[in-house]
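Letters A, B, C, D and E mark the chains in the order given here, with residues in each chain numbered from 1 onward.
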Amino acid sequence: MSLVEIKNLKVHYPIRSGFWNRITDSVKAVDGISFNIEAGETYGLVGESGSGKSTTGKSVVGLEKITSGSIMYQGKDITKKNNRKELDYNHDVQMIFQDSLSSLNPRKRIEDIIAEPLRNFEHLSKDEEKLRVLQLLDIVGLDPDALYKYPHQFSGGQRQRIGVARAVATNPKLIIADEPVSALDLSVQAQVLNFMKKIQREFGISYLFISHDLGVVRHMCNNIAIMNRGRLVEIGTRDDIYNHPVHIYTKRLLAAIPETNVNDRKEHRANRLAVEEIYRQQQDKYYDKDGKAFPLVPISPTHSVALPKEVAEQIIKQEGEVKA
Amino acid sequence: METTSDFLNIKDVNTAFKINGKYYDAISHINLTVHHDEILAIVGESGCGKSTLATTIMGLHDPSETKISGEIDFEGTDLLKLDEAGYNKFRGAKIGMIFQDPLSALNPLKRIEDQISEVMTYHTKLTAEQKHNRVLELLKEVGIVDPKRTAHQFPHQLSGGMRQRVIIAIAIACKPDLIIADEPTTALDVTIQAQILDVLRKIQAENHAGIILITHDLGVVAETADRVAVMYAGQIVEEGSVEQIFNTPKHPYTRSLLRSMPQRDNQNDDLYVIQGNVPSLQKMPQIGDRFAPRIPWVKPEEHEKNPTMHEIEPGHEVRCTCYKSFSFPDQVGSVKA
Amino acid sequence: GCSNNSSSSSSNSAVKFSTAYKNSAATDKNATKNGTLKLAMPSNSPFQGITDPVLAPNATDAEAFAPGGENSLFNVDKNYKIVDGGLANQKLDRKAKTATITIRSNAKWSNGSPVIAKDVEYAYEVLGNKESTSSQYSSDFENIEGMAAYHKGTASTISGIEMPNGEKGKKVVIHFKQMTPSMKFSGNSYIWGSIEPYEYIKDVPIAKLASSEQIRKNPIFVGPYKLDKVVEGESTSWSPNKYYYGKKAQIGHITINVVSLNNIDKALQSKKYDSVVPEVAGSLGGTDYKNLKNLKGYAKVGQPALGYSYFAFNLGHFDTKTGKNVEDSSKKMSNKSLRQAMMYAVNVDQVSKKFGNGIKWRANTLIPPVFSKYYDKSAKGYPLDIKKANKLLDDAGYKKRNGSKWRSDPNGKKLVIHFGAMSSSATTEATYQNYLQQWHKIGLNVKYANGKPMEVNSFYDTLQKPNQNSIDLWLGAWSLSSEPTQTQLYGETAPFNMGHFATKKNTELINKMNDSSAWNDETRTKTFKEWQEYMNDQAGVVGDQFNYAWQPVNKRVKGFDISPANDEFYSNLTLTSSKLK
Amino acid sequence: MEENLNKHSNISAADLKRLTKEADDEATPSSAKIIWNEFRADKPAMVALFIVIAFILFVMIASLFINTSQIMQTNIMNYNASPGTSGFVLGADSGGRPIAQQLIVGARNSIGIAIGLTIISSTFGICWGLISGYFNGYIDWGMQRVYDFMMMLPMTMMIIVLVTIIKNYNAVTLTLIFSIFYWEGTSRLIRSRTLSESEKDYVAASKTSGTNSFKIIFREIMPNISSLIIVDTTLSFAENIGVETGLSYLGFGLPIQTPSLGTLIANANDPNNITQYWWTWLPAALLIIVLCLSISYIGQVIRRSADASQRQGTEN
Amino acid sequence: MWKTILRRIMIMIPEVIILSLLVFLLAKAMPGDPFTGSINPKADPAQLHHLMKLNGLYDPWYQQYWNWVVHLFHGNLGNSYQYQEPVTRLIGSRAVNTLWLALFTTILTYCFALPMGMYAAKHEGKLPDSIIRVYTYVTYCIPFFVILVIGIWIFGYVLGWFPTTGSISSTATPGIGSIGSRFYHILLPGILGALFGTVNVVQYLRSEVIDAKRSDYVRTARSKGVPEKDIYKHHIFRNSLLPIAAFAGYSITGLLNGSLFTETVFSYPGMGLLFINSISYRDYTVITALVLIYGILNLLGTLLSDIILSIVDPRIRIE
């Protein structure tokens, strides 16, 4: 059994209008997605802006009211508030946010910020608590004198590490990391990613790693899901996605990653323009009448793509040929 | 470069901000040359003074809050000596600027068309009709599919990518010789980023403009720029062609940056981390190598007292000579990080 | 007729007024004919615009429309006694129990139509109609034959009012159940003093009369001036009425503007107005006098006002069954010595001098000096005499016991007296405070009922309860009708006898003021004096202050005489220059 | 978890004391300190602060020595005595009551009303705004309707009606009546800030940390809008000092024996007093102006100290 | 857009109903009755009782309320006890005065406030700015009626420039003359009201302009080479005026509140003065009607603000 099983998750935001302010339409932010996160792995969720990544992440931690579908954790559907309470779900599942400044209460000292989940879930004495906080700070590489400072006194990278410390304080099983490094500079980004990896190694935590930076995702994740307009278009292992992308959208995303290899930037660019061209021409082949992705069909044990069955089979054949 | 050095020459420019009554240099002793027909990228971490440099060139600083010295020669005029009216002849007409945040950079209450044609009002003698046609033309040029409709819309009705294109349209409306693009793609998705960069390049090719592209994304630089200046803490620490910078980086800072990027093949290794932090304006060391505190294993005597730019091959300059003895700690092995 | 009565009736007052400003300058014919006489009407509330005196709820409206003659029927002398020569003459027939009202033949409304008998009769219909909004009706009118039935609605006409020459005639005969001497005076509560333009308003249901166009927008009058324009609540403007039967009006225009009491001094000082509208109760107070007395370009006229303020004690209750006031000997204030002592303790003279600036003085009795015939000049009243007050209390057994600061009652019980007063201007409230202090001086624990001066509604609400104990003593004021009988205020059955002072002797005296013996003026005067003396001795109700109704007049005005006997007040006015002096 | 942590961190219980002390030394100054620094850097603000504190203290203490009922004794002989005459420092009013003493007691009463009103209405408004802003959905909707309703009420009229209904009202009841109407402004302000604050990630973070709504509202969000709250409260305090003056002017304020700045200023409703007896109202009017100005100035400084970018005081 | 407005109005209905009930009950709860106030020796309490009965004032409150509502639906707000005329007519004439004054005050307020706010913001931190700020602080601290009292004293009495009472001169000729006279009468209260009312607008505008000055789109405009003058004209002022425009609707509440004072001081026969008078007369029908009307005007004010905002601000344009 996987750690978390997400089945056909839908989150629709109502659009109200008309005379009585009734719900007349909805934004289908997440529109039927399913995937599983295994214990100890980093699961990547990639997609362009507005594709529903954050909404998915928030649903998993229980910040979002979901429209339908289920999220199973330890055999229970935690989309129900009661189950979440019963399982002490937020003891086990925590979140790291994109904007490190806004995710730390600017009026609280670091000690209180990190201790917040501890105070809610574990009843420790003052000293025990302080010791824990110090140890956590130590683990994320911050000095003990951070204890009584305020978030604005830290740099972005340090703040993000404080966020990590808070997230791991209760020794959770899963951490949702919603674009944890997008707002950071390169050198700082490296720090944070290193710490996330270190902590995963040491505590055996799983991550749901949300990002639109394919370079970072490749560095962090074993399994990756590509999201587009509220649906998944492709899931697979790192190798599947990066080396054998099938869906045109995935290909397009990959082609758009800027390369640091200056020597063949001309080719790279030509390649990208070619992919763009294909994308424009073949778009309707990859999406249904409403412009939505098709349901996923497996093309290998680890690799599924959102394509009509026939097309998928054809591709499998081609792939097979290629592989062979 | 000596052939076109009469285009834009930035000489020894200093910009200081007033903080609590005292002035602190945000950029110090910047020397740069931009040529026609090239894209000069300026890279560096947040807060290193990239935007300050851009706004200094554009003359957008409030004189009562800033102190600027040096010389900015643009096509034979020293911009820093101009008064407001004189500057306005350049801004928009000869120099266009593209801002980072496409939402707030557009007036929320004006239609796109009005915002674009406003530039032309002050720099051309076009009639209303001509302006209208030019607006549609421009929107098409920056890759907007339905220019008529977009021209009539308000900024909030557009997506981020579209807004950024509108900003570009404004910047190029009068066919400027120089375009300054301050992080034009940071707020955007990779796919849109690629498109925007394409547009920029296309424009440059068509107008033979010089472009200053400010970014902190090394990938963008590698894909787009012809020449690169790396900034650290208000100074330029390395300058050279794209190939020089990416293939044979010299300055420890440049090398560290490149090394901290996630690479295709280092999934299971830790990324390289630069120690310490960028000093804040008020705590900026005024003498010595500003990067020195972050590479403590390089001995003090390896740093110059007052580091200057050294040309180490044609077109490739590096600040400070410490690059000669720099190597990463894990490669040195003996030095403990 | 013109009056030579330059009275200043009270020796107690410091200033002397004449009722007339005798301007020796010659009338400027042109200025008079084309000029405008500007009168201010001091009031904090806009007038209501009801020109009909039957329906008008208060005096402001009457004043605002005074140049129109207030539709009044009779001329009066200085004692408000009805005399011949007005719109109508009145003749009382004691034997036949009738009053005959004869309208002068040339009387016309300002629209040119003649004044007819029905106009007189209709006033009673409007007054007594079941649906009428008038608050002027009182049970006294049921003295007219058939009025009670008409008021109840059981009769459609008033059987006791007869028009011998028909509706269009000039004669009206009113049949009474009983004749009283007060009928000789204007303002009595039996014979209504004004008329209604019947032909003009007959189509309007009486219930809607007050809001009708005929009454509000385009009213007609019988006086020397006709209404040109009324700005609702603010101003009226007038020009001569060519149909007026009497002395022709001389001034081209008269305007009357409401000015708030706060601003009136400044308005006069900045010469915006010639004078204020004459009012019998007086609208300008002591402070105004102080501010205006030396105003350049203005003369002052005045006469004692038709009104007074008083202290009253709560002595009993109103028996709603019998409709009579009953004294209770158990009330806190039933002890006469206590009441007298309290009255001796207050320093009304001092207060009047300080705040009244000479136009207010201590009331020595309950009949104000304006009724010069009945007013008891010699009455002592209650001048300040702390010693006497203390002695009275000591003798009556109100002693300080157990070292208390306060006196207790003769039974040794704690005595707290509740003083009721209406919230008012700062000076007035200062006066209350001063009175409280005076009582404290003689060891009486007197406190505000409710802890502070009460808002006028709550005040009367409390007092009008048939039986109340929250107010033991209060300070009130009456503005009076021009007929001096006391029945409605202090009579046995009078609901306004809120102190329920109702001794046998009192009832007897009050009845005597108006019974057949009172037809003899001398007897009546004697009765009044006797009653005043009795009231002073009993101290159930004691006068507080009398005042002058006074006003400044710009010196360009000629013929300004506010005496009640000047029945042609507005006709007599002329101007001596076109600009204010 | 514990062993886990111990394994990965070389900090143990033994280091606790030492490390805590180290952290203490590095602790950031509290916001009170920051505000104080801000005051020290701004001379006029310092003066304003001094005026306000000194004045309030003076009034509170001095009024203890003043026998209100005694000064409110009328002495008609001293009717509008001018300043300096017969022992009246600031003259006397129409009741011969000393203005100076009335000013002290009146200021105390007015400040008392202002404090009471500010406390009640701000507390209520803040809670209302916080709760309504935090919970979207039906709670917010319902609270908004109540709020809309209150907005609709013509305030002065309603207060006048209420004041007339209550027979025996005094400073306390007056304060309560005002409180009914004065929370709206605060609540609107707080609600809109709470709305935007609720969208910030630290609220989400608290939710995922298992903190309950009540705690999130009052322990997480409230401190973050505390500067707004302080500024709003100081400003409404300044405004509230003068709040009963208008009512007194219309004749519905406190009774005359209860001196207040309002009853004093209401002396100005007689144009004669304005010029002739200026001392009956002018000192009170000036007092209000000075007090309000000082308080709003203090509010400005606090606002500034909350906004790091505008601070003038140096850190530490 | 029309739908939204209609919807807003529908939401207002229950609020108005609750308000009417509340006001009705409160008015009844006031001690006394409309007739006790007119007590004088000539008035017979029996007649007063008769009138009370005639007017149904002894009925239970729900009966009275019901009657009142029924009449309301016939466009009849009852009769004023004090004025003895239909409340609708009575208030009608007063409302014209109040609204006329309010309109004038609003216009003046903006005439004063806009230049002041902009000037202050443009010269932020300099002397004119400080002067204007001190001015706003001081007016903010002085109670409104003090301004009125001092104003009427100086300009009305001492200098005698303006009339001090009423809404029209009694000698005004009909037509142009009467319009002129009415205008002359609201001049001083209008100016004083505006001087007081500017405070909010000035402060609001000032901070809006200062914010706009620092905004990114202004920086964009600069980089387009737009001269400073035009930047202010086309970008800063235009954008700052937007929320101010919406403020106009909300300011109705303030104006109505102020009308109680203005009208009392100037004896100006509008709704505010009518209210004050009606309170002491216990003129229930008038009190209820006035509070209701003020309430509805407040509501309409907010609605107006929202509509204005949605018209001028494309971002929240209502479909």
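The working rule: contacts are C-beta pairs under 8 Å (C-beta built on N, C-alpha and C of every residue); 3 or more make two chains touch, one makes a residue touch a chain.
According to UniProt, the chain labels map to these proteins: A = Oligopeptide transport ATP-binding protein AppF; B = Oligopeptide transport ATP-binding protein AmiE; D = Oligopeptide transport system permease protein OppC; E = Oligopeptide transport system permease protein OppB.
All figures in this text were calculated on a predicted structure; none of them were measured in a lab.
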| item | value |
| --- | --- |
| Shared chain contacts [subunit A and subunit E, defined touch] | B, D |
| Contact distance in steps, from subunit B to subunit C | 2 |
| Chain centroid nearest the full-protein CA centroid | E |
| Of A-B and C-E, pair with higher C-beta contact tally | C-E |
| Inter-chain centre distance, subunit C versus subunit D - centres from mean C-alpha coordinates, in Å | 51 |
| Between subunit D and subunit E, centroid-to-centroid distance (C-alpha), Å | 27 |
| Distance between chain centroids, defined by C-alpha means - subunit A, subunit C (Å) | 91 |
| Separation of subunit B from subunit E, taking each centre as the mean of its C-alpha atoms, in whole Å | 55 |
| Sequence positions of subunit A contacting 2 or more other chains | none |
| Per-residue multi-chain contacts in subunit C, two or more chains | 263, 266, 455, 458 |
| Multi-chain contact sites of subunit E, meaning residues that touch two or more partners | 30-31, 152-153, 157, 264 |
| Complex contacts: residues of subunit B adjacent to subunit E | 55, 58, 60, 84-85, 87-93, 96-97, 99, 101, 104-109, 118-119, 122-123, 154, 156, 167, 170 |
| Interface residues, subunit D side, partner subunit A - complex | 1-2, 4-13, 15-16, 19-20, 22-28, 200-202, 204-211, 220, 223-224, 226, 308 |
| Of all residues in subunit A, those that touch subunit B in their complex | 48-49, 155-156, 185-191, 193-194, 197-198, 212-216, 218-219, 238, 252-253, 255-263, 265, 268-269, 272-273 |
| In the complex, subunit C residues that touch subunit D | 262-263, 265-266, 287, 291, 350-351, 354-355, 423, 426-427, 429-431, 433-434, 437, 450-455, 458 |
| Touching residues on subunit D, where the partner in the complex is subunit C | 72-77, 79, 93-97, 164, 167-168, 170, 251, 255-257, 267, 269-272 |
